[in-house]
Every structure is written in C-alpha cells, then in structure tokens.
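The structure under discussion appears below in the form of structure tokens.
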C-alpha cells in the first residue's frame, strides 16, 4: 500500500525527531528554578521532617530568591532515596536531602554530586509484633523484618545487628513501603519493622508493635543520618546561588536547633501527616543541636565510611570512591562563619562523643 | 449519449463511444499452485468477442471461468497467452472494464449513492456531472428512494442492482459480470435478467457474464461459451439464435438448452 | 453474529443490583451489631460521609479530575501513536516485517515493569507518568489498528483496485472504514489500560510534586492507606471502578454511533 | 477461488515434483530468513542508537548503562544462578495463580452460561468486582491475606479469573446452535453430545481466554512482586532499581519481556494444534 520510499522517509523523520528530543539537550542558561528533593514522607503530604522540613515549611528559600525571580520546586517522591538518585542522574534535581545509604549508592554509581552539609541524625526504632517475642537484638535472628530496601535502614539494620554479631543475612528481609509494612505486621507476615519515630511510635500507639530496640539517646551507630548534596554541574555553573541555598539551609538547621522552637518544630513535622505526638516522643530528651547538626564532623564521616564499606560489601556499590573528594566542607565552614554560628553545634568524633 | 464523463484514457486508445469493447483472448493458460500440487485452471484458451456483444460463460466448477473473468478485470494475470481489449493489453484493473461481483461487495459504511459515486472518484468531470450520473444510474437500476440507504438495509436484489450501477458508472465499454444473480431467488432473478437486458441495450457495452445457470445464459446472451474443467478449456461456443425477448418454450431455446446441457454432462 | 437476542428483559438492571444491596445491608448490620474490627472495617455511613467531605473540600474531586486529565492526556498521545504505527504496519508489508517482531516482544513487558527505567530517564514528574500511560495505551491501539488494516477482506480491496482508487482514497474509503471495528476495540482496550496505568503511576510513584498538577486518585488511595483511613481507601477503589466502567461505556456508546453498519 | 481444489493432473512428472518441492522449501527458507533479517533491523538499530547514545553520553551512564554492561550483567545473573532462581519462583506463582483463578473462572463462566438465574443475580456483581483493577484490590488483599505467598497467588488468580469466566461464558452462549440440531437429529447420547459437539465448540474461546489470562497473570505477578516480595523476577528488578544499577533493571526487563512472549507463543502454538480447525474455519 505505502511505497517503500514514503515509508523510509517517514521513518527517517521519526528518527530525526528522536535525536532532537529535548531530553537529550541540556540548555545552559540563567537559573529560573531551583529544584530540591527530600524523601517522600508518608506519600501523601509532601513535607520532609528535620532541617529540610523547616526549610520547606517556613518557605525560607522561596523568600530568599523571590527578588531574583527564581522559583523553588520541591519533590518528595514516594520512591525516596532511589528515586532521588534517578532524578539527580537525569538532571532533574539540583539539591537533595536524603539518607546516607542511597546517596552513597548514587555517588558510587557515578551520580555527580557533592556533600555540602549533613542533615542531622534520627534514632532508628525496631518495632516488633508482641507475639513475636523479640526483646533483644539477638532475638532478631531468623525473624522476618520489614523496611524499605535501598534506604538508610538497610545500613541501620546491619549496624544494629553487628552489636549481636549478626548480619543482615541472619534475618529474613521484606522490602515493603510504609503502609504495606503495617499490613504485614497486622497479618503477622513479618515480625518486626525498622523505621523512624514517627512511623514506629504511631504503630506502638495503635498497639500493633512494641519497641524492641532503638538507638534513641546518645548518638549511636545504627541511627539514621543523611546528607545535603548538590549536583556538581549546578554548583559549577552557579557557585553564588549554591552558597545562598546552603546558607538558607543552615539557617533552617539553626532554627531547628533552637530549644525555644521545639514546639513549633513539632507542628512543622506534623505537616507530614504523622501524628505530632510521635515526634514529641521521638525528640523527648534529645538536644536539638545533636539531632539537627549540619556538621560534616568525625561522627558523620565515620557513618559515611561505614556506609561505603557496607554498600561495597553488599555489591550495592561496585567500586569504592574517594570520600574526601565527595564530602566538601569548605563551603559549609565559610557559611557557618559568615552566619556566626561557629558555636551552635559541637563537632563529634567518630564514636559520637563531643570534641573539645 | 452524454459525453461529459470519460475515463482518464491514454490518447492512443480509442475514444469511448466508438466501436469499442472488442476482446481478443489468445492461447491463455494459467496454473495455480495449491500447497504442493499444481492445478491447471486454464489451458490454451482462445476467444474473440465483438463490440457490444452479450457473452455468457458457463461450465462446471473448476473450469476456470471465474479465473478468465479475473484476467479480464486485471485482478490476475495469465501465465501464458495474451488478452487485449480494443487492441490494448490488460495491465491491471481499469475503469474501462467494470466488474460486478457475485457478492455485490458494496462497502457497508457507504450509502448506495456514495458506493456508486466511488466508481467516479478518478473520472474527469465536475461534482455536479458526477452527481447527475449517479442519479441517472440509480434511476436506471430502479433504486430511487434508496440513495442514502446503507447496504445492510437493502435486500439481496437491491444490493446487486446497486453493484451493477457501480460497475456501469464510468461507462465502461466492457462490463464483466461474475455470477451477478447467483445468490438471488428465482423471481428476483428473472426480473433482474430483464433489467440487465434493458441496461445493456441502453448503455451499449460489451457484456461478459459468468453464470451457472444455462437458461439465464440463453435468455441473455448472443453467444454462450461452454467450458470444461481439468484442465479448463473452451468446449464449444454456442450461438443463440432468435430475437429477444426469448421464451423458454421457443424451439430454438429448447434446442440450445439441450445442446449446452449435453456438453456439460459429458 | 449471535442468534441469542434475548437481551431486552425488563428489570435486569434492578435484579443485578439485588446482590450488592444485600451485601451492603449485611455490612451495615454487621457494623451495627459491632461484629467487625473497627480498624479494618468502616461503616457504610462513614464512607458516604467521607465522600461528601471529600467533595466539599475538593480533595476527592480534585484527585479524580487530576487522574482523569492525566489518563486522557496519556491516552490521546499513546493511542494516537498506536493508531499511526498500527495503520502503517497494517498496510505496509515492509513496515510489518521491520516493526512487528519488536512490538510483539515489547508488549509482553508488564506496564509497571517500565517504571524503574522510565523514572530513571524522565524523573518522577508529569513527563514520566504521561510517558508510562502513553506506553500502556500504545500497544492495544497499535494491535487493533494493525489487525483491522491487515484483515480487510480481499474482496473489498479488489473493489478499490477495479475502481482505480488512489492509495489515499483506498486508505480513506476502504481500509480505514473496514478496520474501524477493530480500531474501536483497540481504542477501548487502550483507554482501559491508560486508566489503569494512570492509577498505577500515581499509586506507585506519588511524587509529592508541589508544583505539579496534583497527585490524583492513586496517590489519594496510597495516602489513605498510609494513614489507615479505610473509608478513604474504599472510596478510592470505588471511584476507580466507577470511572473505569463509565469510560468504558462511553467508548462503547461512541463506537455504536461511529460504526452503525457494524452490528455487534 | 474455490474452483482450484481438485487433484493435480497426472502430467506432472516425479522429477519435476522433486524439483518443485526443493524450490518450495528453498523459497520458504528464504522467506523465513528475510523475515528474521527484517525483524532484526529495528532491534539492531536501537542497539546501535543505544551504543551511540552511551558513547556520546546523551544520558548519564548511571541511567543508560552500555549494552555491553547489560550483557555482562545478564550473564553474571545467569552464572550465579540468581536469574534462574527468581524466575522459577515467579513461574511457580503464575502457574499456581492461573490454575486456581482460571479454574474458578471456568466453573463460574460455565455456571453463569448454563443457569440463567445465577447469570441475572450474581454475575453482574462478580463482573463489577473484577473490573476494579488488581492494583486497587491490593490494599484489601494485603489486609486480608497478608503479604506472603498467598497474596501473590490470590492476586494472580483474581487477574486470571475474569478472562476465563468471560471466555467460557461467551463461548457457551455464542456457540453455533446448528450443530446441536445435528446432534439431536443423530440422536446422540448426552455424554457424546457434550464430548463431541458442545465441548469442542467452546474450546477455542476457552483457549483464547486462557492465553489472555496467562498474559495478564504474568503482568500482575510482576506488579505484585515489585510492591511486596522477597523473591521473584519483579523483585530482582526492583532491587536493581534500589541499588541504582540500571544494568540489572535492563537485563530483568528484557527477561520479563522474553518470558512473557515465550509463554504467549507456547500457548498460541498449542492452541493452534488443539483447535486448528477454528483458525481455518474463520478464514
């Protein structure tokens, strides 16, 4: 029916169209939008907790860049860390605040990012079904444990189990998202789950789980930690904007570290949709400066190092990379000095003890 | 006769309206391959048809009569031999050779009017002239009032009338009928035979009709080509004597019928 | 085609509703008697109240609108491309030889299996979702168009030949109309997949894009689950089913009008 | 063209026949070769474009791994036995779900087709329930059946139920009645009627339904394995995503497509063998 020539012409047209497709062409022009991401909390409401939640809720960046006509675009994908890595790799993000493990995996795969600040620490909780009889870490052996794989909890579990001389392969891991974990606990398909305070404590309130273990208290291995990263291309193209974004981020961290803001912080975190009460209990007794420290100190580096070792051992990262090159605290030091915040946070050593 | 419409004919070919519609079939053979067997559909068939003649081809199944018609329509080509219409070899389907299929083949999504009009799509002429020609044909085949009916709303006889009108639309010098009345009941069939004769006389085309029905062939034709199968050959050409309309009780009719029936049986 | 034309029986519709009505009554009774576990089972009344609330604050209607809009956008792109490619493959032997094996292999890949690749290439935003939906909508439509164009009875093609129709006229007057029933069937299936794909994309990807066009029914359902709102979960599923069926009916109704010559 | 189905004339000599057969065989071989060569053009073109894109770095290497890496990963997965292991798990689930859901669907479809009150009062509800996509049911199924093996098999069974229910129902209702009359006239006993007239007349429809069910079941399986699983090919793919190793994702997607295609092809072949007459009767 259709002659070969017409057909070939058409096919060539389609091919040409594909080659010129906008995905493949990255235009270099003045920044109109700054794109940031955090892990999608509870899928429904796009608010992060911690410093990034404060940054978002108080609209600090929006105010900072309003005069320049620069828009701020936020993403809190349900796919959390792995989805953020993808978005960074295909150039759809400029900054991201997410868990230690996925950002190590991303960097290990070659996503061109640099760590410019830490995002703080949170305790990891292990919630166990009462019937599962899990009282100690050692009891976890052979049990079914649920969490979202590829997130920081994979590392947390490893470091917690380490204390009882166990590894992740000693437990049966179920890779489930938040609501699915709850369903699995309810149906008895899994015995325990790993999470942060807002999720696990909410289940405790419902009587579904008991806290079998938590890293709450002093900074401990197994607590979650995260990094604030910038896409290298963006940083190279826009050094001045990068510095302003970091300065605003540090301002948010500062806000989140002030005791007088504690109650307001709970309100902000509750915007995620998790019960405010869970944040209250999660933060109870913790110094805000410990929880929300942006410092790239010995403790942070030790955590990242442990993360890299773990990911390499698990073949999540195929070849190790130079951490010192990836973690760049020069800008952070400058920004903190500019803001006069040198004394706000205490640097910690590899064990989490305060230095000096 | 109106000359507004003409097929887009190369200048070397004769003009429509001249003495046209002559057919020369010379030594035509055709072998089909069905699975791993060879089937001689036609074997060295020669035939000569004069302008404005009404020819019927009868024969048992497998004698190649439909194959021959498809050659004439340009839908298939012979392995050997030549077929010329008015001196020109057949290169493919052409509006100068209208064809009416047994299964009417009206396009079900087009109205009667549009189905007929489809045959004038590539013909020269204004839209008004074409519309006039379609109206004239609808009138000729007795479908007035059904112009905008869809084929599924028509009876078998009406569909076949529309199909004949479509075949006639571009004024083909040669009209090919492939068992056009085969699927109709006896009464409708008899009425359409009369109408076919009228149409033939009015349109002045050469008509070649393939049929199973010996009486139909005798009623309508000037000559009846009797073919035999395995391999397909012309057995005899029977001249039908007598003026039309022919009655089935005429001695000539009876004699011709007896002769053809005899040829078909042995 | 079928000779079983005993359809127009009166009251069939109401009879069909009998069982669901009985089930709802049973549900309400069970709830009233306090049999059910409050956490998992909500009362019918509560679902109705949530629906009213969802419409009042625009959360449910907004989500529905976003999902519909997204599904339609993806469907139009995917089905449009499918129609073009399917028609091309249906009418050109060369194109068929070139593309058929590839298309037949690709269509065996579960739609949601594309998510990891598409999200890596297109991120988590609208582009990715629409691409996923369009991809899902593409195959049924391409298949329908191809089958339709390829299976045009030889008799009708010959009509085109003997009437000396141009290629364009043959396509327009013979092949496309003849392929129409198959194309419409493809469109129907394609819309179905698009609807499902939209929901899946929203449910599985849920960007939390603040500047986007809203996360839709899928994210509504995911969030409802996250907060253990069983009433909203039920509502989400109910809307998903109802709108899916409505879309289906619309396409069937449209196809009856578009191809009146094609009975059944 | 019904006129050409008579026997070949005796004129054809034996040697001529042999030569003809050779020619036909050669022609067929050539046709197949042409078809394969043509079919490979697009995949090879894509492969070339892909390699070129990798070389030109149109997309970051993390999201567009080189074809070579995907190939290596594929063999790596094969060599460690990981791929076979996960695939086996997945296939087991599909078969279990197909047998359970398809069997129930068959019974339901036949019952609705045979017993009118059931058709009027019950089947609309069942159909409506089935029309809500699997993904919509997933939350409920998780609550009811947990996230274990039962969930996966039930979800696949639910997916396979409708195609077979509809196929057997429609097959029963739309089957040509004229053969019943033949059976009645021949006074065949009841069992013979079912075995020779009724069952064969609905078998093509059922087999078509089975093919659809398997294709849909395979897709549902991938979905449920992506969402909640600790094994299976869908899980392997998700794991590749989470580890941000797109080469694993690529390799598993290709495997998913190939297996789906193979399942469909195998069923189509057996369908043609079992009910070849229905394919011919249509043409």
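Order of writing sets the labels: A, B, C and D. Residues in every chain begin at 1.
We adopt the following convention: a residue touches a chain if its C-beta (ideal position, glycine included) is under 8 Å from a C-beta of that chain, and two chains touch if they have at least 3 such contacts.
Chain labels with UniProt names: B = ABC transporter ATP-binding protein; C, D = ABC transmembrane type-1 domain-containing protein.
Remember, predicted model here, so these are calculated numbers, not experimental data.
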| item | value |
| --- | --- |
| Maximum centroid distance from chain C, chain identifier (CA atoms) | B |
| Contact-richer chain pair [C-D vs A-C] | C-D |
| Centroid distance [mean C-alpha coordinates] between chain D and chain C, Å | 20 |
| Mean-CA-position distance for chain C and chain A (Å) | 36 |
| Rounded Å distance between chain B and chain D, as computed from the means of their C-alpha atoms | 48 |
| Multi-partner residues of chain B (at least 2 other chains) | none |
| For chain C, residues that touch 2 or more chains besides their own | 94, 120-121, 204, 225 |
| Set of chain A residues in contact with two or more other chains | 23, 86, 89-90, 179 |
| Sites on chain B touched by chain C in the complex | 73-75, 92-95, 97-99, 101, 103, 105, 107-110, 118-119, 121-122, 150-152, 166 |
| Interfacial residue positions of chain C with respect to chain D in the complex | 1-4, 12, 15-20, 23, 40, 94, 97-102, 104-106, 108-117, 120-121, 196, 199-200, 203-204, 221, 225, 233, 236-237, 240-241, 244-245 |
| Residue ranges of chain C touching chain A (in the complex, touch as defined) | 39, 88, 91-92, 94-95, 119-125, 167, 170-171, 175, 204-211, 219-220, 222-228 |
| Chain C - residues contacting chain B, complex | 155-156, 158-159, 161-166, 169, 173-174, 177-178, 180, 259-263 |
| Partner chain D, residues of chain A touching it in the complex | 23-24, 82, 85-86, 89-91, 102, 105-106, 108-112, 149-150, 172-177, 179-180, 183-184, 186-190, 315-316, 318 |
